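We call the chains A, B, C and D, going by the order they appear; numbering starts again at 1 in every chain.
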Amino acid sequence: MVVKIVEFKKIRVKDGIFIEGMPGVGNVAMVAIGNLIEELKPLHFADLLTSHFNSIVLIKPNAEIQILKGSFYYLKAKRDVIIYFGDQQANTPEGTFELINEILKYIKKIGVKEVLTFGGLQVSEIINRPPKIYGAVSEESLKKKYEKYGVIFDETSKRVGSIIGAIGMLAGYAKYYGLYGASFLVESVPTHFVPDHRGAKALLELICKILEIEFDFKKLDKKIREQEELLEKLKMRTTLKEVEEEKEEKKRLEYIQ
Amino acid sequence: MVVKIVEFKKIRVKDGIFIEGMPGVGNVAMVAIGNLIEELKPLHFADLLTSHFNSIVLIKPNAEIQILKGSFYYLKAKRDVIIYFGDQQANTPEGTFELINEILKYIKKIGVKEVLTFGGLQVSEIINRPPKIYGAVSEESLKKKYEKYGVIFDETSKRVGSIIGAIGMLAGYAKYYGLYGASFLVESVPTHFVPDHRGAKALLELICKILEIEFDFKKLDKKIREQEELLEKLKMRTTLKEVEEEKEEKKRLEYIQ
Amino acid sequence: MVVKIVEFKKIRVKDGIFIEGMPGVGNVAMVAIGNLIEELKPLHFADLLTSHFNSIVLIKPNAEIQILKGSFYYLKAKRDVIIYFGDQQANTPEGTFELINEILKYIKKIGVKEVLTFGGLQVSEIINRPPKIYGAVSEESLKKKYEKYGVIFDETSKRVGSIIGAIGMLAGYAKYYGLYGASFLVESVPTHFVPDHRGAKALLELICKILEIEFDFKKLDKKIREQEELLEKLKMRTTLKEVEEEKEEKKRLEYIQ
Amino acid sequence: MVVKIVEFKKIRVKDGIFIEGMPGVGNVAMVAIGNLIEELKPLHFADLLTSHFNSIVLIKPNAEIQILKGSFYYLKAKRDVIIYFGDQQANTPEGTFELINEILKYIKKIGVKEVLTFGGLQVSEIINRPPKIYGAVSEESLKKKYEKYGVIFDETSKRVGSIIGAIGMLAGYAKYYGLYGASFLVESVPTHFVPDHRGAKALLELICKILEIEFDFKKLDKKIREQEELLEKLKMRTTLKEVEEEKEEKKRLEYIQ
C-alpha cells in the first residue's frame, strides 16, 4: 500500500493543467502522451514508485534495468502543463484508489487547477470518418469549454455509461480536491495486439488544441500508415489462410465422402 | 485501506437513530432508503469515500462524472435520523470491517444511539400475504420494542442463521461502540434483474412506523404495479417461448425419426 | 489490517501458560478448549476483533447477533492459564501473521511465558488404540518436559513435516517474543462433517495433565458415544444404500441386455 | 503488510557488497548461496520476519519448529559482504515491493554500496558447454566491471526481456537508494523437481570471482554428479517404462482388432 513520489526537481506552477497517459483500451492515451513527450521533450521532474504495479522489471537494449513507474513532466505552454506517464495501471481497485488520490494530492500541491484524462472507447468499426471523442466532466459548467473543440457530451452517458480505472477516478475525485476534472474517450477499433495510433492521434490533436501548442504529426502519421499497411497484410494473409483452409477442408470432405 | 468521510456541514444530534440502504438481496434496503430520500429530501451533509469500492465512475445523463460513494443525510423527525445510502458494499471482508467500523465511529460522534440496518432474505415464493420481516438484535431486551411493529424474532435464528456483509456487522459491532443495533430482513422473491419493490415497501413501512413519519407510497406503489405487470409479461413471454420451443422440438424429433 | 483487543477486565499473571482452540483438522482443538470452557467456566476478560475474519454474523436462538471474534479467558490452576478461543482462523496469510503477532504481543504483556497450541493431524484410520499426539517445540530443550505425558517428538518431522496456519506460527514466533512455544497435533480421522470428539478428548486429557487440573469427561464421553453410534448408522445406511444401488444397477443391466 | 528485521548483532560496514539467494527458476541462487553459507559459515546477524510469506512452519528432524524467514549474514572478504538468504519470495506484488524496499533500506543503513542479485533463466537444453550468465544493471557503466568475469550483457534484453520478482526489483530499485544494482541470470534446464546444481555452481563461481574468495566445490560437484546419475536413471526408467507401455499398447490393440 505504498505510493511514493520522488522529486528530482521542485516544480511549482500557477493555474496548471494536468494531462496523463496510461495503458488502456487501444493504449490511445499512452501513445498520445508518449509521442508528446518524445517530440516536445518536457522536463522530467519526478517519479512515482508504487506497490500497486506488477513486481517485474524490464531490460532495456543496453542491459539497463527499468522499473515500472509513473513519470511526471513539466511543459511550458500558454498554461503550465504537468504530464503524467504511467507504465501501468494499479493492479487492484484499492491500488487505483490510492494511486489517483496520491496523484491528485501531489498535483494540487504543485499548483494544478484542471485535471484532464484520456482513454479509448472500444467500438467495432469506424467507417470513412475520424473517430469521435466523448467527454465527461466533474461539473456540468465545464462542457461549454470543450464542446468548441468538437468533444461530444450529450451522448456520453448513453455511449460510455461508466469509466473503469484510473482515468475516470482522477477526473471524478478532482472535485474533492477543489480541482476541475474532465475525461475524454476516443472511439477505438481494437487492432490485433498493436496500439491504436489513429485514436491516439485524435486525442493528441485535442490535447494540442486545448493547450494551444503546435505539434508535428509526421512521425505519428508514418506509424499510422505502417500500422494500416501491416493490418492490411494481416487481413490478406488471414484471407489467404482462410482460402487455403477452405481448400484443405474441401479435400478432407471429398476424402471422407 | 482508506475510508474517508468528507463533511459539508457539521451535524450533531442527541439520541439519534441511524438507518441505511446498500445493495443486497433484491436491493430492498437500497430502494426503500432511496425512495425515502427522494420523497422527504433530507439534508445531504457528508460523503464517504473509500478504497473498498470498485474503481469505476458512472456518467450521468448530463455528462457529469459520479464516483461511487456513501452519502450521509440528516432527517428531522420525532427523533433525529441519520441516513446512510451506499452505492456499493465493500468488495472484500477486510473492506467491510473497515467500512462498518468507520461508519459506527462517525455516527457515534454525531450522536447516534441506535443503529438499524435493513436487507432481504431470499425466499422462493410468497403467496397471498405480505412479506414477513425477521429481526436480529445486539441485545435481547431490544426485541420487545420492535415486536409491536410486527417484526418476527423467534424464528430468525432458524430462518436466517447468519447475515452476510455490512448490515449484520453494523448491528453486531454497534455494541462495541456502546450503541444499540438491530437488523431487519424482509422476505424477498428474486425477480429477474429488477429490484424487489414489494419487499422495499414492507421495509419502508416498518421504517416509517419506527420513525413515526408520514409517507406517501403512491410512487412506490406505481413502481410495484409496473414491475408486476412487467413480470407478468415476461412470464407470459417465457410460457409462449416454451410453447414455441416445444413445437420446434416436436418437429425436430419427427424429422429425425 | 486490524486486530483489536477489547479488555473488559485487566488480567495480569506471573509465569502464565497459554492454550488455544481454533477451527482446524477435525476441529479437535476447538472442541477440546470449548469443553474446557463450558465445564470450568473460566473468566472471559477480553475479546479480539479483527478484519481478518469473514464479514458475517451469526444469529443466536434468542435472535441476538453474534459477531465472529476471538475470546480470552483466565483460569486459575496450579499455574495461571490464559485461554484463547477463536471462532475462525484468519482468512489470508497476512491476516494469520498479524493475528498471531498481536496475540503473542498481548499475552506477553499479560505475563504468559509458555505458548501451547493444539491441532489435528489427518490420518485415514486408527485401529484399536488411542490417537497418538505429535509435538513440535520452539526449542529442543522443551521436549523432555512433554515426553513424560506421552507426546511423541522423534517422529514429528517425518509424520507432520509442516504445520499450516496459526497454531504452528504461534508456537514458532513465540521465540521472537522471548516465550517458549509448543504445538501438539493429535491423529484425527476425518468424520463426515462432524468434529472429531475422540481426538478432542485426547488433547483435553493432555491439557489437563499439563495444567494439573481435574476434569469430568462424562459429557465429552457421551458425545463420543453418540457420534460413534451416528457414524455406525451412517455406515450401515451407506452399506444398505450400496446394496440397494447394486440391485438397481443389476436390474438396469438386465433390462439393457 | 509487515516486514520486520530483528538484529541479533549490530553490523556496520564500509563499501559493502550485497548478495542474495531466494527460491526461483531451478532454485539456482538459493543453492549457490546456501552452499556458500554452509561452507564459509558467515556470521548470522539478523532475521527478516514478514507477513508476505506463507503462514506455515516447518518441523526440523529434532522436532524444532522453523518459521519461514529471511536471514542476514556477514562475511569478511576483500570487501565486506552482506548475504541474504530467503526461505521464500513474497506471495504478492505488494509484498515483493515492501520486502525489497525494506531490504534496500536496511542494507543501505548497514553500509552496502552494491546490490548483486542472482537467478535462473529457463532454457530447454544446454549441450556440451557451461551455462551462460546474462547480466542486467542499474547503470550502464557497471557492465564493464562484470564483463571481465564472462557475464553477457549485449543479449540480455533479447534473451531475458524482463525479470519477474524480487531479484530484478532489488537491482532496479537500488538506484533510488543511491546504490549500484546488478542482476545475474544463469541458463537453467528444468530438472524434474530437483534444484539445478549445475546452474548454481556457475553462479557461485561468478560470486567467488567477484568477491575474490576461494571456494572448495567438492561437495557441490558431488551433488551435481549424484543429480546427473539420478536423472540418467530416471531417463532410463522412463525409457524402460515407455518400452513397457508400448508393448502393453500393442497387446491391447491386437486384442481389440
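Remarks
Following the convention adopted for this analysis, a residue touches a chain if its C-beta (ideal position, glycine included) is under 8 Å from a C-beta of that chain, and two chains touch if they have at least 3 such contacts.
What you are looking at is a predicted structure, and each value in this text was computed from that prediction instead of being measured.
Any chain touching chain C that also touches chain D would appear here, but none does. Note: Cα superposition of chain A onto chain B, rotation of 90 degrees, nearest 5. Homomeric contact chain A/chain D: same residue numbering on both sides for under half of the interface positions.
In this assembly, C is the chain whose CA centroid lies farthest from the centroid of chain A. Distance between chain A and chain D, defined via averaged C-alpha coordinates, is recorded as 38 Å. Centroids built from CA atoms put chain C at 54 Å from chain A. Counting partners per residue, chain D has 1 as the residues that reach two or more other chains.
Taken chain by chain, the contacts form a single closed ring in which each chain touches exactly two others.
On the chain A side of its complex with chain D, the touching residues are 1-2, 6, 47, 49-67, 91. Interface of chain A with chain B (complex): residues 1, 90, 93-94, 96-98, 101, 135-140, 143, 153-154, 156-157, 160-166, 168-169, 171-173, 176, 181, 183.
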